[in-house]
Every structure is written in C-alpha cells, then in structure tokens.
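Listed below are the structures to be examined.
After this come two complexes, each holding chain A, first together with chain B and then together with chain C.
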Partner chain A sequence: MTASTPLATTASNGTRPQPQRQPGFHFPLAKVSFYGFCSLSYIFLLSPLVVVVGASLHRGSRYTVVKFPPEELSLYWYTQIPDAHWEALTLSFSLAFMASILACIVGIPAALGLVRSNIPVKGLFSSIFRAPLQIPSIVTGVAFLQMYYLFGDLTGIYVNGTFAGLLLGHLFVGIPYVVGTVGAVLQRFDTRLEEAALSLGAGRITTFRRVTLPVIMPGVYAGGLYAFMVSFGDVPISIFLSAPGFVTFPVELFYGMENDFNPSVLASSTLVILFSLGLLLLMQRIVGLENLLRSGGGS
Partner chain B sequence: MKARWDLILVPSFVLSFVLMAASQIIFLRASFYKDLGLGRQGEDIIFTNYGRFFTDEFYLSVLWLTIQVSFLAMLFTLVFGFPVAYMIARLRSRWAMVLLAGIVISTFITIVIKVFGIYIMFSASGIVNQTLMGLGILDKPWTVIGNDAGVVVGLMHFTLGFGVLVLYSVVQTIPRSLEEAAQIHGSNRWRVWTRVIIPLSLPGVTVSALMIFNMCMGAFTSAALLGGGRVFTLPVLIQRVVIMEVKYSMGGTLAAVLLISVLLINLLSIYLMTRMRKQRLVIT
Partner chain C sequence: MSRVNLERVVKHYGSVVALQEMDLEIQEGEFLTLLGPSGCGKTTTLRLVAGFIEPTQGTIYLGNDDVTYVPPQKREIGMVFQDYALFPHMTIADNIGFGLKERGAGKEEMRNRVGELLDLIHLPGVEDRYPAELSGGQAQRVAVARAVAYAPRVLLMDEPLGALDLKLREAMQIELRRIQQELKITTVYVTHDQGEAMNMSDRIVVMNLGLIEQTGNAEDIYNNPRTKFVADFIGSINFLPAMIVGDEGEWTVAETVGTKVKVPKSDASSSSGEVAIAVRPERLELIANGGDGINVVPGTVSNKIFNGNLMRVFVDVGADEPVVIELPPAEVHSETGDSVNIGWAPQNGQVLTE
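== the complex of A and B ==
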C-alpha cells in the first residue's frame, strides 16, 4: 500500500528515507481507487461544460432534442445566436471590465493603507473591506435595489436598470478580492526595496511606479481577474439591478431557461466558456497559476 | 518625508463603508414596514413581518430546508473535495498545476452555463438516463431538476471547486515529513490517514466547512435553476417575493433572517479559529 501513494515519489529522489513496504500491499488497488475517487470530482465539475460545448456542435432542427455526443458536426447554431445575446454579452463584458478596473483603483490604496499604516483597530477596518464577501449576494442585490429606490425618491435620479447602477453593485463585491490579493502580496513585500529607491533619489511617485507596483502586480492581476469573473458570472445582484431589455448575459440565460429552449444558447455559452478559458490561460502566462492562487483565494 | 498610509486608505474606506452601511441599513429598516401592495410600504415600524416569519410554517420550513440542503452540500463537498485537495497538494509533477487549473476553470464559469449541461445530461434521452437504463439500473428516466437532490447537486457545483482550493491550502500546512515519519514507524496508509492527516487537518477543515455551509445558505442561482421553481430555499424565496410579489418589506425580512444566520455562522467560525490558534491546533 505504501508504494501506492503520492508519497512514494519522495522516495525516488533518494534524499528522503524510504518508507517500509508492507508485504501484501503491492498491487495498486488502493492507488487506483483513490485516484478513481478523485476523478469523480473532475467528472462532476467538468462534464456539464463538455456537454455544453459538444451539444452546441450538433446540427439539428429547433424541434429535435439536443444531442450529446453530437452526431452531425456543424457550426450552424453559432450563426443563429440572437442579437439579444450579443447585446447581453457586450453589457456583461464592459460591466466586468469596468468593475475590475475600478476595483483595482479602489482596492490597491486600500490594501496599501491596511497593510502599512498603523491605525488602531486595523482588524475592524479590514473586516469592513471584506464584508461584501460575507453578505450573501442575494441580500446585496435586494439591499442595493432598495438603496437605489430611496436615492431616487430623494434626488429624482433612479440608477436601477442603468449601467452605473449595475457597476456600483458589481464594484461592491469586486473590491474585497483586490484588497485581499494585493494585501497578501504586500505582507511579503520587502520594504527595503522602496527604501533603496528612495535613498537613491527616486521620488515617491517614481518609487511607487517603478518598485512597488511591479512587485504587487501579481496580486493586482489575480484580484482583478477574480473581480472580473465574479462580475461576469453574477446573477443574484444583476437580476435586481437590471431592467427588461437591459440584462447581463447570465441573467439573460437565467430568464431564457424558463422560456422556450433554443440550442443557440449553447453556442453563445460555448463562446463564454472559451473566452473564460482563454482569459485564464492568459493570466497563467502573465503571473502563473500558482501566484494567482497563492496571492488570494479571494475570500 | 514619511508616507501617510492611513490617508491613502480614507477614500477607499469611505466608499466601501458608505455602500455597505447605506444598503444594509436601508433594507433592514424597510423590513420593519408593512407591505401595502404594488411595492408601496407603510410608514409605521412594525414587527409583524418577523412575527410572520417565525410563526408561519411555510417560512420556517423554507429556512429548515435551506439548512438541510446546505448541510448535505457541505458534507459532500468535504467528502469529495478533500481527497482531490490532498492529491493535488502532494503531487510533485506538472500535473498538479494542470489539475488545479481544471478546478479553477470550473469555478470561473458561471453556474448558469453549467446548468445547461446538467439539463442535457439528465434529460430523458440524455447520456445519464440512457446509460443507467441501458445497464438496467433504472427502468424510467430520473432527473435531478426540480427536486431537493438537484438543489444539492447545484450547490455542489457552486462550492466543490472553491472547497478544493480552500482545502488545498489546508493540506499544504501539514508537513509531508509527518506522514513519512508515521510510515517509517510502521503505519500503513490507513493509519496515516486516521492518525495523522485527518487529525491535523481537522481545524482547517472545520473552518472551511463553515465557509462552505455559508456559501450554500446564500446561494441563489444554482438553487433557483436546479430547484426548477419547485424547491424553495431562502435565497430563491427572497427573489420571488421581491421581484414577482413586489413585497419589498417581506423580502427585506427574509433577507435579514438570511443575513443574520450567515453572520452568526461566521462569528462561530471566527471564534473557533481564535480558539484553535490559542491551542496551537492550526499550523501556520
């Protein structure tokens, strides 16, 4: 059984003591069942995505059942994506993009302030920054809707159902991710680097731009990516803050699911899957997956 | 010149604080008014909304169901997630990154899209039912959509990836050398698990479990879509009451109950964390 574990790999490098092998446990049954059990999680998590991508390639009329695995490969449904989907995708993308940029603009100073200042009750401050992650999104949605109504009653400006209204809600949940990831990087930051720059005559701004920013960049990318993906996939907040005819892509799909099913949604969903995949690969190229995870985990 | 980091904090803090305080106070205040229909609210502070929640069997059953499905989803997430987290944490090849990437991708893609896949798989002529009926395990199509099991599956799609990532960092805190020490002293794998890995990861797992439970309690999208309009958890009911019945006050009350239960669980997990730190149960 000993040989059957990942631990056995440590023995092969020769520097560590070789654990004793026990007689009778050489067959890899335990290993196979362990890895088999682990692969169940992967099947569970990834099979719906594979099915969506696969089924989107099946050419069939609107009235035939969706087929997986696809029998007749074609890109037919990709030509049938309705305008409403493209509009929703555009809205979702611009919303997520703006929300992640603004989350960085708000979050980076917040992380700097939290890590470096010596204000009292720092814990309280940081838990207020983290609070949006603790509040269930559906509560945030309801609360923002009511806030917008009250604001509208007082000033005559109703932001619910507008881009600004949606953006503020998405920004609210995006900020904690950036604060978390950038804060984590800053905690390991060697401040002597900055002192060196300053003592060599660089100004505060130059030091920040040339020393601090490059070092915290992995945290910024990670936090920005989290903020983007959370905004891009959000339903519970957007469902309250969008208006008929002005909905994000996930909300469009959410409502569409209750009505008549058209395989073109599989095509547009596949585009989103590929886009998310591409974005993740790009980030992996820029900062590396390990950095992406280490600097945060988000919540 | 010394940098004033506390001043840099101010604008961001004001924005975050105002957004949070204003939104929370406004909806909590609204939960004390009476719904007059069509979205209008009364003027007087009343407690009847809360009274109704805690006396009406329907609302209480919704709360109870939410707790039940959240607990089940949490349990399954731990059971299925922990081995994966352990496997990835102990792998020393490039595969670890690939496997992690698989988890990250699945958590990044919105649950709405995954639900399409689940619908197709579990449709009467879908791959799951065809296989199970072909093998003679089922004699008529079975589905997860519109029942409690479906909601648990949906919640797991929401939490499993996250759970693996959190548990991965828990496993990473257990030095590999401890397991090797146990093996050198003659433990078999089973004993290494029961006497080393599980006891050492228990504190971290407990805190992760509470986080996962909280996520489930507040999960709207997966519960709504896989409940198929027939299963009501608290978040699903909130959306329905606010959007379809336009009862902002009752919706506010439900949201307040959800918020408070989630916050209580959070306090419990913070309390547990500090206690474990004191007892040095957490290796950090």
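== the complex of A and C ==
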C-alpha cells in the first residue's frame, strides 16, 4: 500500500510531491465549450443577414414565397427592385448624410463645452444632450409631429412631410452619438498639444483647425457613422414625419412588407447590407489609421 | 532673444496662493532653472511667462515689452513640454515647420530651415516620419527643434526630461545645454531634479511654497545655502540640532548634542531659538583625536553602506537622525558598533534656521 502511493515515496525522499499530469483528464473541455459558445454568438449575429442575402438570390417566380436556402441562384430579383425603393434609398442616403454632418457641426462644439467648461450645471447639460437616446423613438416621432403641427398653426409653415422636417427629427437622435464619441476622445485629449500650437504662434481658430480637430477626428468619424446609421435605419420617427410618396427606405420596406411582399425587398435589403459593410470597412480604415497616428509622441 | 523680467508677480488660484510676490530677472542668453518640489510655483512661473495664465498682480516683461496680458501666440516664445506634445498627425518636418508656417514661410525656406534644425539636434533624415515612430529622446529633441525653429525671444522648458530614463536624461542634459549655447537663447528651465539643475544652468532659482528661497549659481547654492530647505534640497546634508551659546572672534559658538562647536558667523548667529548646524557628508571625517580648531563630536557607528566609489558611514551622535559621512572606502576602518569621533573644520559647517 505504501509503495503504491506516490505521496509516500516522494515524501520519504524529502522532496515535494509533484502533481501528476493525467492525460485524458486534460481534455480541453473548457476550451471546446468556450469556442463553441463564441461560434454560437457569431451564428446568432450573422444568421439573419445570411438568410436575407441567401433568400434574395432565390430565382422563383412571381408566385413563389421566400425560400431559404435558395434553390437556384439568380440575380433576378435585383432587376425587379421597384423605382420606389431607389427613390426611398436616395432620400434615406441624403437624409442620413446631412443628418450626420449636421450632428457633427452641432455635436463637436457641444462636446468641447461639456468636457472643457467648468460651469456648475454641466451635469444637467450633458443629460440634455443624452436625452434623445433615453426617449423611445416612437415618442420622439409623435412629439416632433405635434411640434410641427403647432409650429405650422402658428406660422403657416408646415415642415412635416418635408426633407427639412425629417432632417430635424434625425438630427435630434444623431447628436447624442457625436457628443458621446467626441466627448470620449476629448477626455483623453492632451491639452498641451493646444498650448504647444499657441506657443508656436497659432491663434485659437488655427489651433482648433490644425491640431484639435485632426486629433479628435476618430471620434468625429465614429460619432458621424453612428448618426448616419441611426438615421438610415430609423422607422419610428420617419414613419410620422414622412408623407405619401416621400418616404425613407426603411419605411418604404415596412409598407412594402405589409402590402405586397416579394423578394425584391430582400434584394434591396441586401444592397443596403453591402453598402453598410463597405461604409464600416472604410471607417475602420480611416479611424484605425488615425488611431495609430494619435498614439504618437514616442515613449 | 530677450531679457525676461517678472516684477512683483502674484498668482492666486481662488484661495490658493500659487505664487507669492515674485521678482525675477533673467538675462539675455542666460540658462535659468526654476528648481523646487511639486507645488512650489515653478511651473506656475513658467506658464505665466508663456502666457497660458495671467498673474493676479504684477507685470511681466519680455525684452522691453510689457506682455502681462498678451496671449501666448503673440509672445514669440518657444515651449518644450514634459511629454513632448508633438502633433501626432503631422510628420516631423510639419511639426518643426508649424511655427514657420504660421509666420508665412515659403516651402523652400521651410525645408531648408527644418534641415538645419535636424542637423542642430543631430537627427537628420527623419523629416517624413511621424512622432509615434521616434524614441523618447528623439521626440524631445524634435520638440526642442520645433520650439526654436523661428528664433523665439525665450525658450521655456517644463520638465522636458521627466519622461526619460536616467542614462538618456544625462545625455540629454548635455545635448540641451549644447543647443542652448549654440543658439545663445534665453532659457527658463523647470525641474525638480537638482542634478539636472546643477548640470545645465547658469543660475538656479530654488523655490518653495510659492516663494524664491535662494538664487545663485550651482556652487553658490551648494556651498552657501541660505535656509535649511535649500541645503536639504540641493545635495545631501546633515543637520545637527543646536543652540547658539556664544561668540569667539570670527566664529559663533553653538552647542549641539552636548558638545560645543564653532561655525562661521552668519545671519542666523544671533538667533536665540533652536538652530541647525549643517555639514555636507563629504566634508566630515572620522578622526582619532580632535586636532587644533577642529570640531569634534563623539558617536557610535550604526551602519555602513558601500556605494562603489565611496562608503557611507552612519554615526549615531545622540540626535534624532544619524550623521552621514561619505569617505573613500579604503579610509574606513571602523565597524558597526565602534565608538568614533566625527570631525570637521569650522568653515565647513553652517548655522541655519528654518
């Protein structure tokens, strides 16, 4: 008995008993389940996209229902995308583009003020800039519509159902993203860069243009991209502020699904997915590069 | 290049006094170091000269111009920061050329000047690199080149070597001093490192709690510190608690740990309260008997530390702190626990008050 227990033998040598490696027990169960879990997450995140793209490639006929996986691959439905979709896409794109630019124009100074100033009610101001994210979009939509009616009744100018009306609504939800991301970058911004520029003879405006803005640009890109995406994908606000014949792409799809569903919806959705993917990759390239540069200063 | 002059400058931050009335004149071409612990007001002084902050009271002159309320971009200064503050999104050439461009220099002129400056800092050929691609020492030299590119009236440096390791710091001290001498540029340098201050400066201003404690060159301050603070901050020093007990010709007689010693007469000689006898460790000896005119205090060796080129012997003489003596290792024959006499020539001691 004593001879067979490794503990007794090693102890008698006066050395520490070594824990014995048991092959088989070291089967990487933890590793397998970890990777399994990760894979499941990816499948969960990607499967809706795969279904949309796959189903859009199914040939079918006017009378077939959506089919996944596709039986015969074809770009047929891409030729059947109705003009209304293209018009809606154009509107959504211009809207999202304008909304993100305006969100940056409003958001950057706001972020500067919120991060740099020492006003006592700073907390209140930053809550105001976060508020649009905390109000359900549907409520925002209703509120904007009511506001437009009220404004129209007072002035005779009704902006609901116009580009400007949609733009304001989208700007409202876009600003917080720019304030958030630019604010985060500004928190880490080394103000000595600005002092260096001033000491070298650059005025306040030149300093902002040549030093501050380029350095916080990754935050601007990220915030602008969020604002773009939020605007581009918005239904609840747009549905209230659109007018017949003047609708954004998601709202057009929404109506299309309700009234006359055919796989051309999937085809145009696939185009949007590809577009978003391209935009994302582009941003990653730009922001990634900027990040590399802004880590600068040696050390 | 210009003289810099601060007249009765005071700076308060709310109720906090960062700088109590300061008078300071920096000569043309002088390398002046503001030395002191953090919170002593040295950085505040530098930022006042730079124009990043305005004084609560007083006047600041650059040359003959009153610049007290002139914004930094109109002061024609060059500034070097601890963490370099190079513009990360610009190449080295664009960084160095930043101030030149602001002054409307042409492309050709800029390229030539950048080349000259890179030669000056011994870093040719890095024009097209980005700051992130440089080492700390290189980045700091580029920062200096950027600051002096358009011949500013004064060069201001705020702990520029603080982020570098020891070896590099020493090499950079020599480098910075060389550049300053070549350009003959008026320089105000801020540091808390006394070694740095002594290695580079024409004149050192020791500051504490928003006040100038002492101004002078390195030797002056080391040999004749005016206060306990200065003596302690520059180099290491022993303090023995003492009372003034009398007067003997050119010497003041003080009693410390039960022994009478002689020290040179000074302002503190008439003090009636507790004073300190200050002696540098390298000016103390271990002696067998008191010779003529030598101060002798008996004690016990409590520790010895071998430091390579010297041995530090700690002797307990009955004061709160042991007295430290630095000797060549070959001259130390006493062991821990031995009774010894420490001795020093009266002119090597000093009587100081707080």
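We adopt the following convention: the second predicted complex is superposed on the first by the 263 of 299 C-alpha atoms of A that agree within 3 Å, B and C clash if a C-alpha of one lies under 4 Å from a C-alpha of the other, contacts with A are read in each partner's own complex, and residues count from 1 in each chain.
Assume a contact is a pair of C-beta atoms (placed from the backbone, for glycine too) under 8 Å apart; a residue touches a chain by one contact, two chains touch by 3 or more.
This is a predicted model, so every value here is computed, not measured.
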| item | value |
| --- | --- |
| Contacts of A:E71 with chain B and chain C, given as first, second, both or neither | neither |
| Touching partner for A:V215 - first (chain B), second (chain C), both, neither | second |
| Touched partner set for A:A30, first chain B, second chain C, both or neither | first |
| Chain A: partner with more touched residues, chain B or chain C | B |
| Partner chain in contact with A:D190 - chain B first, chain C second, else both or neither | second |
| Which superposed partner A:V142 touches (first chain B, second chain C, both, neither) | first |
| Touching both chain C and chain B, counted on chain A across the two superposed complexes | 204, 290, 292-293, 297, 299 |
| Touch list for chain A against partner chain B, complex | 1-2, 4-7, 9-10, 16-17, 19-20, 22, 25, 30, 34-35, 37-38, 40-42, 44-52, 55, 65-66, 68-69, 106-107, 109-110, 112-114, 116-119, 125, 128-129, 131-132, 134-147, 149-150, 168, 172, 175, 204, 229, 232-236, 239-240, 250, 253-254, 257-258, 265-266, 269, 272-273, 276-277, 280, 284, 289-290, 292-293, 297, 299 |
| Residue ranges of chain A in contact with chain C within the complex | 190, 192-193, 195-204, 206-207, 210-211, 214-215, 217, 290, 292-299 |
| In the complex, chain C residues that touch chain A | 50-52, 71-79, 81, 83-89, 98-99, 102-103, 130-132, 134-136, 138-140, 146-147, 149-150, 156, 163 |
| In the complex, chain B residues that touch chain A | 1, 3-13, 15-17, 19-20, 22-24, 26-27, 30, 80-81, 83-84, 87, 90-93, 97, 99-106, 108-118, 120-121, 123, 125-127, 156-157, 160-161, 164-166, 168-169, 176, 179-180, 183-184, 186, 188-190, 211, 214, 217-221, 224-225, 229, 235, 238-239, 242-243, 248, 251-252, 255, 258-259, 262-263, 266 |
